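Each of the two complexes below includes chain A, the first together with chain B, the second together with chain C.
The block that comes next holds the complex of A and B.
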């Protein structure tokens, strides 16, 4: 286990290093941030002073090494626009994004697995067909448009739920969360449902096809022949065997949702890091873009390691030592 | 037993389900609307001489003084929304199909070369593929566009970069199995040139799963482009795709002018959904065992 963790962490560090190099070079090629930061009427002297203050006058490789040295110390540069450490800006907004992403995944799992079971157990019945076609609809509907439609129906027409922001938040172990207040929850519902639609469709499809593949197998017949209750067959024998692909997809979806949160946060004015990155792209705020990417990639890697650990508990055939 | 050609078998299998035929027909109609439609629309929505500010923000079904009916309403500049959707559909389809297919060509080319040669080339290629697959394609596209800026060719490049790795992975998986089969040995025995073995013998036998995934990928490319354009990092406003139309309607959503973002979205949804349904049925016919 320990060997596995160390090896995975080392691999992750290498990926991060490669990523930082690629992104840093790429982002460096984006136009000249000075043009958008300095008053066009500034004198040539003021211009040069700002450029050297931001460290933009040094050659690319030198800038990268300075960046790396600081990165090891946990500093990823100062935002050109906000004039504050980029990493701080991102980390301040990370909890809001994680809250949204996790709620969306939770909704997808909570509804996806039972619906997928129902569809898989009677695929030709009315319920099964309705669920399957519903999942293709959710699968195809573009996230951003679904968000607009949710606002239109539940906020503009019915006036039930608010459209923007996080609402009232409370402090929980140093993070602000809207999960614990009624107002916060009301603000969270629409964005979380919006972001959860795609993984919901995916989990339904995956569960349904898993059930259809597993049901005709010998061990399932044997369980039935033993006279086990149907509930036990489904919850123990069936679930254990279809959970592995589902866990994989949930792990992968977490990363996808973290990226797609950019869209949902923009629509619902959710103050997470996704909105920040869009603003930063538009304002060419390089340090924030780089910091965002590195934070997101780190989160991905942590999630992937967690998924692998969960595997080994679900499937005794997979031993962590052999990975 | 009577002989039926594989192509005929395929057609018969595909058309045996009603929903397959319907979704294919809808898809066909969408393409006709997008490529023939612009010649029949009420107006060219981007020709300032043909639109009138007097007709601005009319709800669906309104008629102007000349007796033209705006079936889906007009926008804040007096553009007929139906015409704008038909023009936008064309842009969305062109970008989606071109970038979707280019991703397939690039990915398949790289993947199959890796599979054929094996060894170090293969493992180097797969390392790069793994690196790309480690990130959600939306994020890759977003970052590419952050670096490149807005533009049609930039969106296409970003979509190709964000998706080629999937195809490289899929085609390699199939090709590694196919490579060991006897027909490849016999092709080698005939001392055929390498490119003929790879592209004339190996590739055609890897096609079935690729056709399915390529269809889904076009759908996904269209969605991705729309999302990126909606966020303002995709296509420029001179290329008003469906995503940009929806973004334009977004500003009016709180004032109850629902049609401005509703109808372009419906057009987008029908397009993507019919592509996904066709892909679903192709999968049923071509390889029943391949599941998501």
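The block that comes next holds the complex of A and C.
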């Protein structure tokens, strides 16, 4: 286990290094931020001064090495626009996005697995067919449209839930969260549902197909032959077998949602990372873009390590040492 | 559980059909037999003869598109076919247990052996997990698994094929059932282990007075093991009776052919006789004797269903032209 962790952490460090090089070069190639940052009426002297202050007068490889030196110390540069450390800007917004992502996934799992089970156990019944077609709908509906519809119905027409913002927040271990106040929760429901629709559809379909693949297997018959109760056959014999692909998808979806919550955050004016990155790309705020991508990649890798550890608990044939 | 004289299991007119897109396959088509307590019955037939489906039908484990369409299965007087799901659940694994054909696929790969055995005990007995584990360990010791206390924590993939099969047998024994149905449990194993498991299972059943149904395609297995034999062909029992009668004086041409195809010391160096033709498809089965296309003795009468008739030897046969001198018939078929 320890060997596994060390090896995976080393691999992750290499990935981060390669990733930073690619991103740094990529962002450099996109365009010159100077044009959008400096007042067009500034004198040539002022211009030169700003450029050298930002360190943009040095060649690419020198800039990269300076960046690496700082990165080792935990500094990922200073935002050109906000004039504050980029990592700080991102970490300020991260909790809001995390909160949204986790709530969305929670909703997807909470409803997805039971609905998927119901659909998989009665594939030809009315309920099964309804759930299956419903999940196809959730798959296909574009996030922005679903978001607008949610606002139309629940905020504008029914006037049940607020449309935008994060609502009242409280401090929890140094982070601000809206999970603990009623107002915060009311604000969270719509964006979380909106973001959760796609993973919900995915989990429903995975669970349903897992059920249909596993039910005819011999060991399910043997479990019945032992005279086990149906509840135990489903919750133990069936679930433990179908959870492996579901956990994989949940892990992948977590990272994907975290990185691409942009649309939902924009529609619901949710103050998360997504909006920060859109602004930064528009203004070519290089340090923020680089720092954002590195943070997302880090989360991606941490989640993947966790998924692999969960695997070994779900399937005894997978040994953590051999991964 | 059963009073003297009452059969432990009685199957009457059992019909299980599979409603496939290509048509209705009558996999089991009117099977009847009885089993008294402590008796060992062999059901013999080729693949596709309906012998496994018979076992599954008794257990109520036939999945769609298959369905038991007719007949009765009485376990110690209790009807199983029409029983409610809960009533049947309480009997399965408890009074009647099944040993599956392939231990590799019958055990859940992601659950440890103790989980899979303890749950089987607790489904029928009101005991603590600790006691259930003790019962499970004892059952593993009985079937000859060394250091059972340690091994019970393992997962199925950590066992060899023979050991896995023993785990299945131990699982069947857990609640000391009255009847065990064994569906070719030794086909996937080495011959030496086959023989071991065979004799051990027989010994266990004799000691406990458990009735056993041994489903197999292998007549040689049946010879030393069972009291009675049912020979199945295309969903029907074509011949049944005491094992020595069936093996020494078979009446049905199919049984004669089956016995003739077994190599033995007497046939050494000679050509083995074989049954001409192939097993008929269950989908295109015409009325009448299903064996007639492969039978040298068939005539117009065989276009009708032969009824089951009792012979003087105590066996019953479904044939209009039962064989009187099996040895002669075999000799002829070898020459032709």
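Please note the rule applied: the second predicted complex is superposed on the first by the 323 of 323 C-alpha atoms of A that agree within 3 Å, B and C clash if a C-alpha of one lies under 4 Å from a C-alpha of the other, contacts with A are read in each partner's own complex, and residues count from 1 in each chain.
Quick note on the criterion: a contact is a pair of C-beta atoms (placed from the backbone, for glycine too) under 8 Å apart; a residue touches a chain by one contact, two chains touch by 3 or more.
Please read all numbers here as calculations on a predicted model, not as lab measurements.
Q: Pick one for A:266: touches chain B only (first), chain C only (second), both, or neither.
A: first
Q: Examine A:149 and indicate which partner it touches, taking first as chain B and second as chain C; both and neither are also allowed.
A: Only chain B; A:149 stays clear of chain C.
Q: Quick one: chain B or chain C, who's touching more of chain A?
A: It is B that touches the greater number of chain A residues.
Q: On the A-aligned overlay, A:312 touches which partner chain: chain B = first, chain C = second, or both, or neither?
A: Neither partner.
Q: Once the shared chain is lined up, is A:298 touching chain B (first), chain C (second), both, or neither of them?
A: Neither partner.
Q: If you stack the two complexes on chain A, which partner ends up touching A:50: first (chain B), second (chain C), both, or neither?
A: Touch partners of A:50: none, neither chain B nor chain C.
Q: Between chain B and chain C, whom does A:224 touch in the aligned arrangement: first, second, both, or neither?
A: In the superposed model, A:224 contacts chain C only, not chain B.
Q: Once chain A of both complexes is superposed, is A:256 in touch with chain B (first), chain C (second), both, or neither?
A: first
Q: In the superposed arrangement, does A:237 touch chain B (first), chain C (second), both or neither?
A: After superposing on A, A:237 lies in contact with chain C but is clear of chain B.
Q: Can you give me the overlap between the chain B contact set and the chain C contact set on chain A?
A: Dual-contact residues (chain A): none.
Q: Once bound in the complex, which stretches of chain B touch chain A?
A: Interface residues on chain B, with respect to chain A: 131, 134-136, 138-139, 142-143, 145-147, 149, 219, 223, 226-227, 230-233, 243, 246, 249-250, 253-254, 256, 258, 261-262, 265, 268-269, 272-273, 276-277, 280, 291-292.
Q: Within their complex, state which residues of chain C touch chain A.
A: 59, 61, 63, 85, 89-94, 97-98, 100, 102, 105-112, 115, 119-120, 123-124, 155, 157, 168, 171
Q: Over in the complex, which chain A residues touch chain B? Could you list them?
A: Checking each residue of chain A against chain B gives 15, 18, 23, 26-27, 29-31, 136-137, 139-145, 148-149, 151-152, 156, 163, 202, 205-206, 209, 213, 255-256, 258-260, 262-263, 266-267, 277-278, 281-282, 289, 293, 296-297, 300.
Q: Using the touch definition up top, name the residues of chain A that touch chain C in the complex.
A: Contact set of chain A toward chain C: 216-219, 221-230, 232, 236-237, 240-241, 314-317.
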